[in-house]
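Working notes, structure below.
We call the chains A, B, C and D, going by the order they appear; numbering starts again at 1 in every chain.
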Amino acid sequence: MSNIDTVINDLVIANRILAHENVVDAYGHISIRHPDKPQHFFISRSLAPDLVDREDIVELGLDGQPVREEKRVLYLERFIHAAIFEARPDVQSVVHAHAEDILPFGIAAATPLRPVVHSGSFIGAKVPVWDIADRFGDTNLLVTNMEQGRDLAKCLAANNVALMRGHGFASAARSLIEAVRMAVYLPRNARAQLAAVQLGGTIKYLSQGEIDARNRGYSPYSTETWRAWEYWASKAGCKHMLTKPSGSK
Amino acid sequence: MSNIDTVINDLVIANRILAHENVVDAYGHISIRHPDKPQHFFISRSLAPDLVDREDIVELGLDGQPVREEKRVLYLERFIHAAIFEARPDVQSVVHAHAEDILPFGIAAATPLRPVVHSGSFIGAKVPVWDIADRFGDTNLLVTNMEQGRDLAKCLAANNVALMRGHGFASAARSLIEAVRMAVYLPRNARAQLAAVQLGGTIKYLSQGEIDARNRGYSPYSTETWRAWEYWASKAGCKHMLTKPSGSK
Amino acid sequence: MSNIDTVINDLVIANRILAHENVVDAYGHISIRHPDKPQHFFISRSLAPDLVDREDIVELGLDGQPVREEKRVLYLERFIHAAIFEARPDVQSVVHAHAEDILPFGIAAATPLRPVVHSGSFIGAKVPVWDIADRFGDTNLLVTNMEQGRDLAKCLAANNVALMRGHGFASAARSLIEAVRMAVYLPRNARAQLAAVQLGGTIKYLSQGEIDARNRGYSPYSTETWRAWEYWASKAGCKHMLTKPSGSK
Amino acid sequence: MSNIDTVINDLVIANRILAHENVVDAYGHISIRHPDKPQHFFISRSLAPDLVDREDIVELGLDGQPVREEKRVLYLERFIHAAIFEARPDVQSVVHAHAEDILPFGIAAATPLRPVVHSGSFIGAKVPVWDIADRFGDTNLLVTNMEQGRDLAKCLAANNVALMRGHGFASAARSLIEAVRMAVYLPRNARAQLAAVQLGGTIKYLSQGEIDARNRGYSPYSTETWRAWEYWASKAGCKHMLTKPSGSK
């Protein structure tokens, strides 16, 4: 496979994994920046992630518009991806989803979502909550243009995850595998935190030093990282599609 | 397929989706108004929704009785559907189910169920709770005649969902797909609201303006709506039965 | 099939349903009284219910001992069944299981389990909690002889379900299908009640009149009852084993 | 099969069971002491437990290093196993996992995890919480050398389970089957305890006498123990791999 073929192949796997792990249902999407043209990114046309195949992947610019003529309908909220890729040159992959267990933290004001388990460290010490109503008033809550996308990206700032009030989350990562990993463990961290609140007493969050230490140790193609990718792909019925990228070690 | 064949085909798909998404088990049902004869509606004979096939669909009048001779046993609670179709000419599809996660909101008086997530907006700003005991005293809680059905329809009034105390819910929608969608996301909204209550602090509900904005944007055959229908049907093993109605775009 | 063959066949189906519905795992069991010899009952040898087949069913007396020479190991806790059949001539089927969601109600003293949803009405207005330690002190919590079984049966008295502190529940029903149904909906009622407690405020339990009304309407072979049996058997992969008993209507 | 072949075969089954029962995902591992060389133990190479096969099992020494030349990558946290086997000659099998439902008890200070259900008795009366930060400050939370492993083993002391703050648990058992059993029922006990806390009021924990009585009755190859092993293996698709060890009865 060429490098681009591999990227598209991996994006298809990522779609199926997010569906199988209940991060997305018919809604929610994942994108990856073009490896050679940083002003472009790949994402599926408007389709449930579980049904996405190679031919469903389209190439968009940082304005959220297709770079080639495209008659198929695109995701309404592709501007989330465009705006984050625009604002954050360090970001290689973006996820937007409605994963159920993170929703309460965008609705209830009392308890900010924070890393409590080591697998949740990658969400970062601060998870801002973006409320579309603050700037845009009464909307259908969807991010349907660049102005809204940029406002979300501004709230996300240099963090890895922003909750979207009454809607879901947007996350940004340095690689596709890390984006998937964060999207899978974000709801787990939320469940653990909610249950800890219910048990009561002081809660021990991960320290900034622990978050940093975990971050330093992260490598997108380490054996440890690959182990999860292989496992999730296998569970999602995609084991036959796995290809270790040439950059792996 | 003729229009009626398509309607019946879609009703079978809807039955299987509701079963697969755990909205119904052996109990609970979905109906659709006859497209040409608004005084009639289609619903399965007494059968678990997961097992429903085309030949199980029967045609009933707004009195809840079959319009043709019918020897098979019918749902005891078909009067829920008849009474709502009678009271609400705008309604094309009705669901009654016992989806577990909405039950607490019909039992506990303290917290009314309200939309907290965008996918829950279609339940509407107000979800009344109907208690059969208020008018009928000690019953088996089932809606087994038109009088009870009409009392429920009166409580539902112009809303989209009524909870039924200690029993389940009845919902009314402008299309079959919208009815399915509401039935799937209603329990999700309930789970998110319960968890938000547990986190504590002020809860941000969807505003009336947001509910209205989402409502205005809804189209039963938009790509966005179809995406979920296709996904749920695929998960329920019905992908081969999908037919885009001629009215779709 | 002879009547006995049908009884054994249905008992196998019941075992598989309880496993598939997560009422039992490797532990827990269901029994049925011999239709012609009320001093005997059928139950599996010591085996996970999901793996039970016709040849695994053994016939025991009301002392919990096999009525024929039997070299296979029997359930340690078969005395639960023997003692309840002994004390309650009205009972045709007994379940003992550790269904997870009922456990909290046997551990936490504050909130008695009570019917809050119509499908939970069959557990009855009062669900006593039996604590083996009250009479037998420090044991392994298992009911391993008739004395312990009789103490449990005494606590159960004329009720349908007794919780067993730190262990599970024992339930008694008028038919095999009713026993399965109660065992499936008992945990659902427990979940709904726990969530209602979390929502707070006054909780509306089913009234005694409602429980009685539902009880009066129950018929073991009605279409409504059969609908669930057929559905659960189908989900558990036993649809081909279904036989409407000759007493059905 | 030779004794060693049987041990390796059973270890593969144990890996698949823990994956299927959601105790592990891509991360987490189980080991067994070498039956003839107590200074060695078997564990998989770095691989998701669900994908482990016989050829993936490696033999390590009590320093956590392979006893033969090994080019494949090993689990980073194999030192958990090495240090517990070193400190506890009575222990035959060790599990480390991140099972989600135990996490809150390592994070929230208020409520110690304790046995509340009979199947949870094997975790023992006291479950200490080990916080890697107490001695090692800001780390990535992983146990990646013998010094950290020994500190964890010291906290575990003579208990059966230690929670690891923000990370998971380590458990030690007298046999492979007991280790699996404890790992499956530990999260169940945690869920039951959390729900009991939510119900409120006094909670009845298992008494020390009950824990002791259950412990005395335990036999790794009893029919009761085997019943669960056979069931879990069957669910995990490993029924054909089952072999009753020669020591069974």
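To be clear about the criterion, a residue touches a chain if its C-beta (ideal position, glycine included) is under 8 Å from a C-beta of that chain, and two chains touch if they have at least 3 such contacts.
Quick caveat, the model's predicted, so the values are computed rather than measured.
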item: Co-neighbours of chain B and chain A - touch as defined; value: none
item: Shared interface numbering between chain D and chain C [over half = same, under half = different]; value: different
item: Farthest-lying chain, centroid of Cα atoms versus that of chain A; value: C
item: Distance from chain D to chain C - Cα centre to Cα centre, in angstrom; value: 32
item: Whole-Å separation of chain centres (CA-atom averages), chain B against chain D; value: 46
item: Residue numbers of chain B (touch at least two other chains); value: 197-198
item: Chain contact topology (line, ring, star, complete or other); value: ring
item: Residues of chain B that touch chain C when the two form their complex; value: 25-27, 46-48, 50-51, 73, 76, 98, 100-101, 103-105, 107-111, 131, 133, 137-142, 165-167, 194, 197-198
item: Chain C contact footprint on chain D (complex, rising order); value: 116-119, 121, 188, 191-193, 195-204, 206-207, 209-210, 212-214, 216-217, 223-224, 227-228, 230-232, 234-235
